[in-house]
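Shared between the two complexes below is subunit A, which has subunit B as its partner in the first and subunit C in the second.
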Partner chain A sequence: MGYTLNFNLIWRHFDKLWGGLLLSLELAVISIAIGIVIGLVLAVWYVSAGRVVRAIIAAYVEFIRNVPLILLVYLVFYGLPTVVDLAYSAPTSFVLTLSVYSGAYLVEVFRSGLEAVPRGQLDAGKAIGLTPWQRLIHVRLPTMLRITLPALSNTFISLFKDTSIASVISVPELTYGAQWINFNTFRIVEVYLVTTAMYLVTGYTLLFALRLVERRFRAAR
Partner chain B sequence: MLSQILYALPFLAEGFAVTLWVSLLVVVLSLIAGVLLGVGLVYGPAPLRWAVRIFSDTIRGIPILVLMFFVYYGLPAVGVHLQSFWAAVLALTLFKTAQVVEYLRGAVASIPKGQSEAAMAIGLTFRQRLTSVIFPQAFRRFLPPWINGVTDAVKGSALVSLLGITDLMQAINQIIGRTYEAMPLYILGALIYFAVNYALSYASRRLERRFAFIRD
Partner chain C sequence: MASSNDNPALLDIAEVSKSFGSVSVLRSVSLQVAKGEVVTIIGPSGSGKTMLLRCVNFLESYDSGSIRIDGKEVGFRDGGARQRRSERDLAAMRAETGMVFQSFNLFPHLTAAGNIMLGLTKVRGKTKTEARSIAEHWLGRVGLAHKADSLPAELSGGQQQRVGIARAVAMEPKILLLDEITSALDPELVGEVLAVVRSLAEDGMTMVMVTHEMAFARDASSRIVFMADGGVSAVGPPKEVLAVETTNERLRTFLARFRASHF
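Up next is the complex of A and B:
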């Protein structure tokens, strides 16, 4: 094979990877939080709205889901500032993009969850005299969350991995750190081995934690 | 603005052809590799099962971008020289293969055990059990997620632009580099990707309905 592994240079620049991972997580958490708000509001709106609003929400969801994330990232970072008078940093630009992107995926998850809430539960809520708002907060949303938790976990993990796209606009997250070390030290195999391990450990830790949450809520049923 | 878009069209068409070609290669190659590995995961001996499980869980656990850089920069380091086009196709195919493995496993697992036992009882060989009993039934469970995954392949193909391959994404960036018309071209590009993927998902919904006639 003629290639000798040497991790010394990786450890010397490990702060690029560690700092990168923390930024990846930060980007994911903020974007997902905003995405959840977008997703919840639009999903609740969708299931009770008229035809026009439904068509608009569906158009947003379908458009975002059928376009590559990398193109959306470029569009928001390089394209948008040429037509609107806005200035924002690359990380802000990426968070903006990933929020809108995750929102589209989460609308779908929440919408199918809302539609899966058994009719009888809502009727029961009505029967004991809950107002529509109370039925939404105390009956519909909690049941929907339980139904959608497995799909939510998968979406979250997938969005965490999507933060690697931020490297294309030079946001110094984990993939960017890996490329920096790749280009500056040429310890190519080592840096991607370590980066792969970091993504795997983080991703599976998140997944494990989310599965614990799922189990906890399943048991409460 | 319009004249610039018209000027760009032939160039975009070339890039678009590359996007379609990459997507097609990835979809076909990953289908073959994924079905083979998937059968290995379900029916293979323990070491093969573990190997496929580790492969699939590792590949699906990292971003495609990292996998692509790993393959693109890593292979020459260990003495394997591939053209960047084929390195990109290889990376995307590895990723998609891991997904196909999971679709296949899920589809086969959904077939009741009694089917396989009944086939064994009437004396079918392993290969006959697969091709005449399990696969025809598993097929309609496999189809919906797999077809949904085809649009992912088209979207994922946009990443090959980062390896200097002139696909649709890269063609758009190059035209913007010349004309400085960022917004119209990104929107045009988004609409092209949207049109392709929307057509694909529309076709997939029809195909699903076509195969939905057997319900248990």
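Up next is the complex of A and C:
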């Protein structure tokens, strides 16, 4: 008994997948934007701080890196509201989780980038009379960003895929849309083939675009 | 002991010492440099030349002694308490000295003009337009007017170093520190950089430089300082210090070894 592929039902519900893809992208973009802010602030703080602050930041990074994302999602969505008096929607909860999650990875990316800025450049900044803050803004960060762009791109692609985990708390992103179609049509092979193709094409497009940005900046090194 | 008040030195280094643990890198170094002088520091590697230069704009701190520019202590607050200046004060003091580095150290994300303009706008408070015209003036002086909008990566080593010099002098420093500025260059590029230094000397720019270019040191310097083991071993006009028949044993060995390897 052969299985005949039939995509008609998938196309009929394609709006679930398309809408899901857009939401996945939105979740990824917002989360990495917040994650970049968290990562930058903590990385800059880390390299100039004393031992206590360093230990606290390192603990945050290690905690996030050693706990599965899906567990963090459950913790924030089901756990947190029972402890503190807060009400938030599933998408908000997920963005919060993914931001804190990506922030931890980006602290490491930015910290190593900051430490990779050649000392000579910082000396040159000192020598022309820039204050520490000016050296950070005009010398250290621009060079650090160029160094970390490839890692930043990879993190972004990785986060885009991680948005699929939002389906476990019923956020209607791409994977959730796929599950919905599966439950309602039982075309399991077709729906996951199409969904896989959508993740693949979007991921590759993003990567291609980000590599273009990298190349544009690499000329400046 | 102290320099006389009617002709105070522009740069007054007095008994500066510095050590890392048990290793002394500077041993009670004293040196006065008058306005308009070109002083060259020579010596074997590890003799403290670069360290001394880096102390002058407080890129390195030192353990004792004092360094004054125009009578003002560089790294520590006036009043003898040996209290490190605030970062803001240090930045302001450093803006009074220019420094050119062995490895150029241009800001890679800024164009040649942008490298020069950064200090002018952020430290000197010039507008973008003013800074741009000052940058263009100095790029012209170092023969790179046509490279104003090039990024460092698009320039040769010699060109990068000339931008480095332009970046330092555009700030109108009281004194220019040159730290082995031709050591990282291919031999055929050394001349173009030294020509720029020579023209600055002719303009009366006060300079302290560390170099291994002996011929240049002999021709361009008012005085030569020979450092060995963290101390000043000999100081005087080029003819005296570089004389073959010097009685200074260490200096003679250094010069002999130098001649053997460079000629």
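Assume the second predicted complex is superposed on the first by the 220 of 221 C-alpha atoms of A that agree within 3 Å, B and C clash if a C-alpha of one lies under 4 Å from a C-alpha of the other, contacts with A are read in each partner's own complex, and residues count from 1 in each chain.
The definition used in the following text is that contacts are C-beta pairs under 8 Å (C-beta built on N, C-alpha and C of every residue); 3 or more make two chains touch, one makes a residue touch a chain.
Predicted model, so just to flag it, every value in this text is computed and none were measured.
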(request) Check subunit A with both subunit B and subunit C modelled on it and let me know: fit or clash. (result) fit
(message) According to the stated criteria, A:A116 is in contact with first (subunit B), second (subunit C), both, or neither; which is it?
(response) neither
(message) Just checking: does A:S167 make contact with subunit B only, subunit C only, both, or neither of them? Give me first, second, both or neither.
(response) first
(message) Taking the superposition on A as described, I'd like to know which of subunit B and subunit C A:R146 touches: first, second, both or neither.
(response) second
(request) Of the two partners subunit B and subunit C, indicate the one touching more residues belonging to subunit A. (result) B
(message) Let me test your reading of the model: by the given contact rule, A:A33 touches which partner, first (subunit B), second (subunit C), both or neither?
(response) neither
(message) Per the contact definition in the header, classify A:V83: touching subunit B only (first), subunit C only (second), both, or neither.
(response) first
(message) According to the stated criteria, A:A209 is in contact with first (subunit B), second (subunit C), both, or neither; which is it?
(response) neither
(request) Identify the partner contact of A:A124: answer first if only subunit B is touched, second if only subunit C is, both if each is, neither if none is. (result) second
(request) Give one of first, second, both or neither to describe whether A:P132 is in contact with subunit B, with subunit C, with both, or with none. (result) second
(request) Superposed on chain A, how close does subunit B come to subunit C by Cα atoms? Whole Å, please. (result) 25
(request) Please name which positions on subunit A make contact with subunit B in the complex. (result) 1-3, 62-63, 65-72, 74-75, 78-80, 82-83, 161-165, 167-168, 175, 178-179, 182, 188-189, 192, 195-196, 199-200, 203-204
(request) Can you check the complex and tell me which residues of subunit C touch subunit A? (result) 57, 59, 87-88, 91-99, 101, 103-109, 118-119, 122-123, 151, 153, 167-168, 171
(message) Residue numbers of subunit B touching subunit A in their complex, please.
(response) 58, 61-66, 69-70, 73-74, 77-79, 151, 154-159, 161-162, 169, 172-173, 176, 182-183, 185-187, 189-190, 193-194, 197-198, 201
(request) Using the touch rule from the top, collect the residues of subunit A that touch subunit C in their complex. (result) 118, 120-121, 123-132, 134, 138-139, 142-143, 146, 219-221
